[in-house]
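Please find one structure pasted underneath; my questions will follow.
Letters A, B and C mark the chains in the order given here, with residues in each chain numbered from 1 onward.
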């Protein structure tokens, strides 16, 4: 036990020294703890903002995680989180979801979504009709949409995902998803979706553009590529607003954080770099 | 107590006239000491009783809480629907948990089907066949395997087993109850085989001697005499393994696919009670039917595991009688 | 005559032949099956260690996790693992030992105590996820402190309490009665007997038990996900009990199936290796002295 004691004392000392150094470095007095939960589509943005924000205000602790949009306002209601990230305006009724009373929505970004396939799939381009057929289970083989003879593995986000809501409304135009079958899988978060599509041959899924890596392929929809430019010029329709929900009007560190993420500096800087689109780009 | 011993020599110092005083002081102290010891004893006993009561309180707290929250499910969902409907669509208020209940039982059964024969073979090997040095080496190793975290097994399943299954069987995904059952088998194997090993080792030597004396071979002795004699011990191990298989969460979550559909094929993403609870509990508001339904599923798990303990107790009693 | 003896002998000898063949086959089968299984499991463990350990660096072990870029570490998660482990042991060991001593030493032999024993055994077999649900109901819903290290550690302690109780009871019971009687005969009180005679004699079983629950607490994930969350406070050496408390086991799952970092595979390989290594270390550190002690006392 003695070694642990001395270790922890040393640790404390290190922690004290390092905080005092960083306090001396930055002149911010803002203190507090911000817990963020919710949409995994917004997670990269939140984390990037948190990193930059922590440099400005070293005394603020931010911890962010994601488990699907509905978790965001739900956690805010339960008091687990200060900010709930969600891909729809949860302060109002939307199809499928009741509004969360007493919560305030803050628009933070525009999120483009893309249909993605495993790298082994030869198809590059699908029409809305073909997407509808695939995700509703009418077409089950890649050869029917111009690919090789192989079963289509449909990976879907579980209910409560904002990506799912946006994709269903805007890419599938409201078509119901299939919900059963041995070539069908539901995943909980964007990270889960990424892993599933990357590692499962012949898989198709959908995810926000930020997550598209070199290990998967984003499809063109009706011959239009999912790029920021196409969203801004209005040709690519599959996108949605990302919101931060708070219990009532935010204050203290939470307020400062939301203001930071909405600031022109962040919106036109890091946010753009991450392939999100500033709110101001679309009016 | 230490104070007493250190104080005594100084009192019983060189001065003889103080000797009587020292006896007096000593006796007074020892009277104090007796009281103090009695007090400590009583206090300690009380603390022990309180701890035992506390352990029981936790169980009742859990039972009460799970039941109280779980039973609210039936305000909105009929028990028939909850237990026998396969339609789990909480967003449309359809709460049929049969998929998960069936999944849990199917998974446990499949796990036992694979793991019990293997474990018994290993137990026989440890108890009867292996040379002593190997036995002394393997037993600690198996004990150690019991302690490997379940996520590690899940991680192995996800990164090694599933691609392997995909290659071997040519299925598209590989997720499903077969993958989960194989992972669980690796997890419960050490448990079942060590308990069975102990049970087989505990069979009195004279049984075996008698069997050999009758001219039976080792094979016959083991199958006709030793294993039947160790039956209740082996069963105990199987039930322990079963309890672990039913309650295991994260290793299963990583390989089963987490999709609420009936597990009617070996390769088909499905879900069991534990995986469904851990995947959805964060998404649900308190006081919603969805939340209550998840607690009801937890209560079911609780009841199943407690029933198994009662079963073990009955087995032990039966074993003691015979 | 010759024929007759042949006929008479043949069933006997052939039966014997089959038996001995069976016996040999059986022995070979048991050997190979066991060897295959054990080697298979050991190969898996070796694979984990071999994939992760060679590339381990202190930067990774003590580094802060990253969510987007490459090169994140596991520092806070590893710290939380040990921190929560210590807090949970701090609660579970004294309480569990006291309850175990009560059952072994003080408890009268009646139906009520039999029932208490069933309760302890029942609690020991309750699936860990139930403790997670209990933790949510207690800490998130009732006390409203959210997902914290405190909630996770207490839930872990609850999970381990019955195991500690059972182990203590069994090891104290296993101490020979003569030792206890000798102590009483010397005029020792019950408490003194327990402290000076029973516990030291049962130390082997107790340490094995503590080692068991420490390993379980270190590797547990379902309880932590539900009660302490899947995030850390993002700093090293955060002793605040109300910080979110993701542990290494949870981090392994999180990185493998949820995270978006490009080097998720290598992080999870290394995290798994660290996890297994620490568990092995627990066993080696705690059990080897006991083995040596046992050897000596023989």
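Structure notes:
The definition used in the following text is that a residue touches a chain if its C-beta (ideal position, glycine included) is under 8 Å from a C-beta of that chain, and two chains touch if they have at least 3 such contacts.
Values in this document were obtained by computation on a predicted structure and should not be read as measured data.
Excluding chain B, the assembly's touch network remains one piece.
Among the remaining chains, A is positioned farthest from chain C, on the basis of C-alpha centroids. In whole angstrom, the spacing between the mean C-alpha positions of chain B and chain C is 10. Taking the mean of the C-alpha atoms as each chain's centre, chain A and chain C sit 36 Å apart.
One simple way to say how far apart two chains are is to compare their mean CA positions; for chain A and chain B this gives 38 Å. Counting only residues that touch two or more partner chains, chain A has 67, 78, 188. With touch defined as above, residues shared between interfaces to two or more other chains in chain B number as follows: 286. Among all residues of chain C, those that touch two or more other chains are 141, 256-257. Chain B meets chain C in the complex at residues 37-38, 40-41, 44-45, 47-52, 54-56, 58-62, 65-66, 69, 118, 121-122, 124-126, 129-130, 138, 140-142, 144-145, 147-152, 154-156, 158-160, 186, 189-190, 217-220, 222, 240, 243, 246-250, 253-254, 274, 277-278, 281, 286, 294-295, 298, 301-302, 305-306, 308-310, 312-313.
Those residues of chain C that touch chain B in the shared complex are 19-20, 22-23, 26-27, 29-31, 33-34, 37-38, 41-42, 44-45, 47-48, 94-96, 98-99, 101-103, 105-107, 116, 118-123, 125-134, 136-138, 141, 158, 161-162, 165, 189-192, 194, 212, 215-216, 218-222, 225-226, 249-250, 252-253, 256-257, 265, 268, 272, 275-276, 279-280, 282-283, 287. Of all the residues in chain C, the ones that touch chain A in their complex are 67-68, 86, 140-141, 144, 146-147, 229-237, 239, 243-244, 256-260, 262, 264. For chain B in complex with chain A, the residues that touch the partner chain are 89-91, 163, 166, 171-173, 175-176, 257-261, 265, 267-269, 279-280, 282-286. The touching residues of chain A, counted against chain C in their complex, run 4, 8, 11-12, 14-15, 33, 35, 40, 43-44, 47-48, 50, 54, 61-67, 78-81, 188-192, 194-195, 211, 213, 274.
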